[in-house]
Amino acid sequence: MIELKQVSKQYRVKDRQRSKLKVNAVHQVSLALCYQKSYALVGESGSGKSTLARLIMGIEKPTNGEICLDGRNIALMRSRELRLKRAEVQMVLQNAQSALDPRLSAYDSIAEPIRCLTKTDKSGERSKVFEFAEKVRLTSEQLRRLPHELSGGQQKRVCIARAMSVSPKFIVFDEAVSGLDVTVRKEILDLILQLKKDGIGAFLFITHDIDVALYMADQLFVMKDGSIVEWIENAASYDDFHHEYSRQLIQSLPPKSPNYRKESVNR
Amino acid sequence: MIKKLLKSKQAMIGLTLIVLVTLVALWAPLIAPHDPNKIDVLNRFMSASSQYPLGTDQLGRCVLSRLLIGASYSLGIAVPTLLVLGIVGLTLGTASAYVGMRWERVFLSICDIFMAFPALVIVLSLIGALGQGLLSILLAVAFSLWAWFAKVVWSYARMEISKDYILAAKIAGCSDRRIILYHIIPNIFPQFLVYLSTGIAGMIIMISGFSFLGLGFEAGTPEWGAMLNEARSNFYSHPELVFYPGLCVLITAAGFNLFGEALRDMISPEEVNE
Amino acid sequence: MVVFFKRCRALIITLFGVTALSFLMANISIVDPAEAYARNIFLHPTEEQIVQIRNEMGLDQPLYEQYIQWLGSSLRGDLGISLQTKNTVVSDIGQKLPITMQLVSLALLWVVVLTIPVSLVAALRQNSWFDHLVRVATILGASLPNFWLGFLVLLFFAVTFPIVEVVDGNLVSLVFPSLVLATPLASISIRLLRATLLSNLNKDYVTYAKARGLRNGRIVWGHVMRNSLPPLVMLFCQYIGHMLAGSAIVESIFSMQGIGTHLVDAIMARDLPTVNGCVLIIAMIFVFGRTLADIINKRLNPRMINRDEVLYD
Amino acid sequence: MKEVLKVSHLYIRLKRALDQPIVNNASFSLQKGSALAIVGESGSGKTLTCKAVMRLLNARQFNISGSIRYNGMDLLEMSEKKIRALCGSKIAMVVQNPMTAFNPTVKIGAQMAETLRVHQKLRKKAAYELGIHALERMNLPRCEQLMNSYPYVLSGGMLQRITIALALIHEPDFIIADEATTALDVKNQQMVLEEFEKMKRRGIGLLLVTHDFGVAAKLADDMLVMRRGKIIERGTVYDLFSAPQQTYTKELLDASMLRKEKCM
């Protein structure tokens, strides 16, 4: 269970006149995410959704409020304890290429959390890496390659396998499919859904695309300027969105078919 | 990486030169035809002959033997100093970049002070303190160059730390030590190696420059810069005595520079895509 | 304004550190400066004479007090009296520095004149014969010990082809020494600029500039060159300080009386006031060079907030 | 309808590997006031095709054959000077990543003004005013301040609208939009697409390059599907949406639309 209680995060930025400004990246967000369900978070760029992900992972400290993992406030955890918590809550970063150490083979990247967070011997590690590599459909030949020898989709799959290799209870995907080709995007999304069906980790899927969010989860959050403006349970279609801002987002989606143009001409 | 290196002509020429000079430095006492310090006043300024392949100098010493021995002085100082500097630079640079905050600022101001301090003064004072000789040159070079090394490592490490994969490693549960040893250092190492390689070249030139000014080695030491210095009084009548030692410095430095630059071309992406 | 203050503070801290270090370095020497000075005056100084001189020079006081005293007087522009020449250190430096400055500025001029066109042509015609030639030549140039190069130049122009009077005091005679001094720096900076130019030429903004219809000359001079200069400026300004100290070798070959040889002589004679004075001046020029580089780079690239992020080797 | 661009039998090869063309026999044409969408995944050669039209490919690296005609003139055989005069005035481009398209060290205004002054004789001040005017027409806020800011302080959406403003100033005959909305979020994408729609109405031809069928659905009249350098399917946008012939096209369409089928 991940709980956020009135969490705010402020950044200090300098504006053009070099005077300091405080910017609320996340403003008084309260959330409760349980490890059995999957969630999706929608917002445009600059809405603070990435900051929220970083806060949950303990990479950044909130200015106000508490973040609790299983009832323990992460601000009060020692760095070692927080580190070991990563075995339960993992994250997949936005840009797969830069998220992989360029000098480590795909195998080593996937094995890293196992080495750091669990006490598994070499053969156990090996079987685990291969197990997850198979799940994300990477061949053993591809496991030997370095990141730059893999395609964008393959890199992404390495990242997903890495996040899952310690069998976490919860995975945060931060814009995991933006910038990918549509076919690759579909492939990755289906992969994640399949994995969830197999019972490996529930997730929070952060995206700017309502289509993707709807595709991925039933529990949707809509975020705007650091606050959560709408929370929908069991969302199935656009009709479930009621907040004005959510409607705006839906309005700005590209059409599903060109036929609407014919209609507007005929009218 | 290594395969690419073997393919590059430039790197291979550089490496050959380095190996050649290293071998000479190691085996100089065995291959030198004469005792490099044997003074023979009767045979001064002899031109090249089968007995003295490169002739003799102003004191009748065999030039070739002295040049061969000279290699061990240059490399003997440059390489160990560099190892020390490399370790110091890597530790201080990565550590301060990783810790950040106040440490980083203190580290940077100390670096600034040492970088602003003319190396020549450090060398001279240390020689004054410890007397002429290898140790003081070694210390002096280390003392005057460490800040450059540390700061270069720091700037590389800083760049690396801001990248996503370090964050990903943290999320993967790596400890700080593991991030530094397993991620940061291996990733900055190629760049660092380039800097080291060109650094050796600079250092060899620097050392011979000092001994050219009469600093560091006692008179009569068969070091290239010192030989040049001794030969300068007879420069107009016997320019070849000046020519040889300088050529040796050039060849050694060029070896390291060629190798280092070939390495740099390899790791910087814009050079690769034609 | 805040930035200006911060920079001044950094400047002052560095200068403090450098002078303190210089004091410390001078003091770890086994050779007693008082004794050295005494030998300068008397042929065989007695113990009392040395002690007396030590007292007169204030060398019996603890190091930090000497430092504070020196600091106090140097703030008033008084760097003491040279033990060697018996002139004030300031006047000595005032006499020698211009010679070296002439040498160094001419050398820097050479570097600029060589670097910009050569690296530009090499970068624009990547992998042409000219590019390859430049790459080989610059590696050789960076590997050339400049004392040796100095001798070769002397040999060539003074002995084999005695067209020009090489060892003399006028501006023409500065040409060769400055060229010798400029060679290594020019080689390094050509390589550096060529590499940065190449990486900038491959950037998106060049493509878009072409798509907007800008002509190549405009793109190269107005955009690519401008963006490639900061590393070079930094290297360049850092080298000014180095060159001042490093000019000792060139000055010695071409028998010039500049600050480099002056410093070497002073250290040899344990002339502490002169050493400290020279170190202060050289460090000051180095630090000012760096600051200048920062200011120029900030103008060239406004995004560069932290100057330390751009250290170029 | 007037044909503004006609590409026929275009081959692009890398000089290093001449036997494998990266763009293989591409032919298409673009009418005034209509939009042609080239759809394909990355690596399908669509971006290269666009760059070839604007002659942005390095002649030492690429071998280009075929013909690209603009109003009857072959762009491939034109002199460098002439082609640069056309680019940015009669042929304009909207880039994939607006964040890296501008020189980060030069203010927006200066970069706009220099573009204007290349194509028409203008004083600096007049060029600035024209630039501000163009930005105002895009409904951008505080245009004078925009002209005075550096590219890195602006958001991607903002920069993309600036590139569009810049593209429109000289009333171009057609605009090449290479993945112009990929780097933007939905709201900015919407705004950019609406601008494109206005352009179409003004009679400007539009060459849209995208991997998203949604973008094509909004704007395109005709579509090409490219895969591995070859055009594998072409037709009107309605045909391709309702009855795609190739399985690859179907795949792309499905993947773009993300139909929710998980309730199975």
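Order of writing sets the chain letters: A, B, C and D. Residues in each chain are counted from 1.
Throughout what follows, a contact is a pair of C-beta atoms (placed from the backbone, for glycine too) under 8 Å apart; a residue touches a chain by one contact, two chains touch by 3 or more.
Just so it is clear, the model here is predicted, and its values are computed rather than measured.
Visitor: Within the chain touch network, how many edges lie on the shortest path between subunit A and subunit C?
Guide: Counted as steps through touching chains, the separation is 2.
Visitor: Ranked by contacting C-beta pairs, which pair of chains comes out on top?
Guide: B-C
Visitor: What chain lies farthest away from subunit B once each centre is taken as the mean of the Cα atoms?
Guide: D
Visitor: Roughly how many whole angstrom separate the Cα centroids of subunit A and subunit D?
Guide: 31
Visitor: Could you work out how far the Cα centre of subunit C sits from that of subunit D, in whole Å?
Guide: Subunit C and subunit D have C-alpha centres separated by 51 Å.
Visitor: Using mean CA coordinates as chain centres, what's the subunit B-subunit C distance in Å?
Guide: So the centroids are 20 Å from each other.
Visitor: Can you tell me which positions in subunit B touch subunit A when the two form their complex?
Guide: Subunit B reaches subunit A through residues 163-165, 167-175, 178, 183, 186-187.
Visitor: Write out the stretch or stretches of subunit D touching subunit A in their complex.
Guide: By the definition above, subunit D touches subunit A via 41-42, 149, 153, 155-156, 182-183, 185-190, 193, 211-218, 220, 237-238, 241-242, 251-252, 254-258, 260, 262.
Visitor: Where on subunit C does subunit D make contact in their complex?
Guide: Touch list, subunit C to subunit D: 203-205, 207-216, 218, 222-223, 226-227, 300-303.
Visitor: Please name which positions on subunit A make contact with subunit D in the complex.
Guide: Going by the criterion above, the answer is residues 16, 44-46, 152, 179, 181-187, 189, 193, 208-212, 214-215, 236-237, 248-249, 251-259, 262.
Visitor: Write out the stretch or stretches of subunit C touching subunit B in their complex.
Guide: 10, 13-15, 17-18, 21-22, 25-26, 28-31, 126-127, 135, 139-140, 142-149, 151-152, 154-155, 159, 184, 191, 195, 198-199, 202, 238, 241-242, 244-246, 248-249, 252, 263-264, 267-268, 270, 275, 278-279, 282-283, 286-287, 290, 308-311, 313
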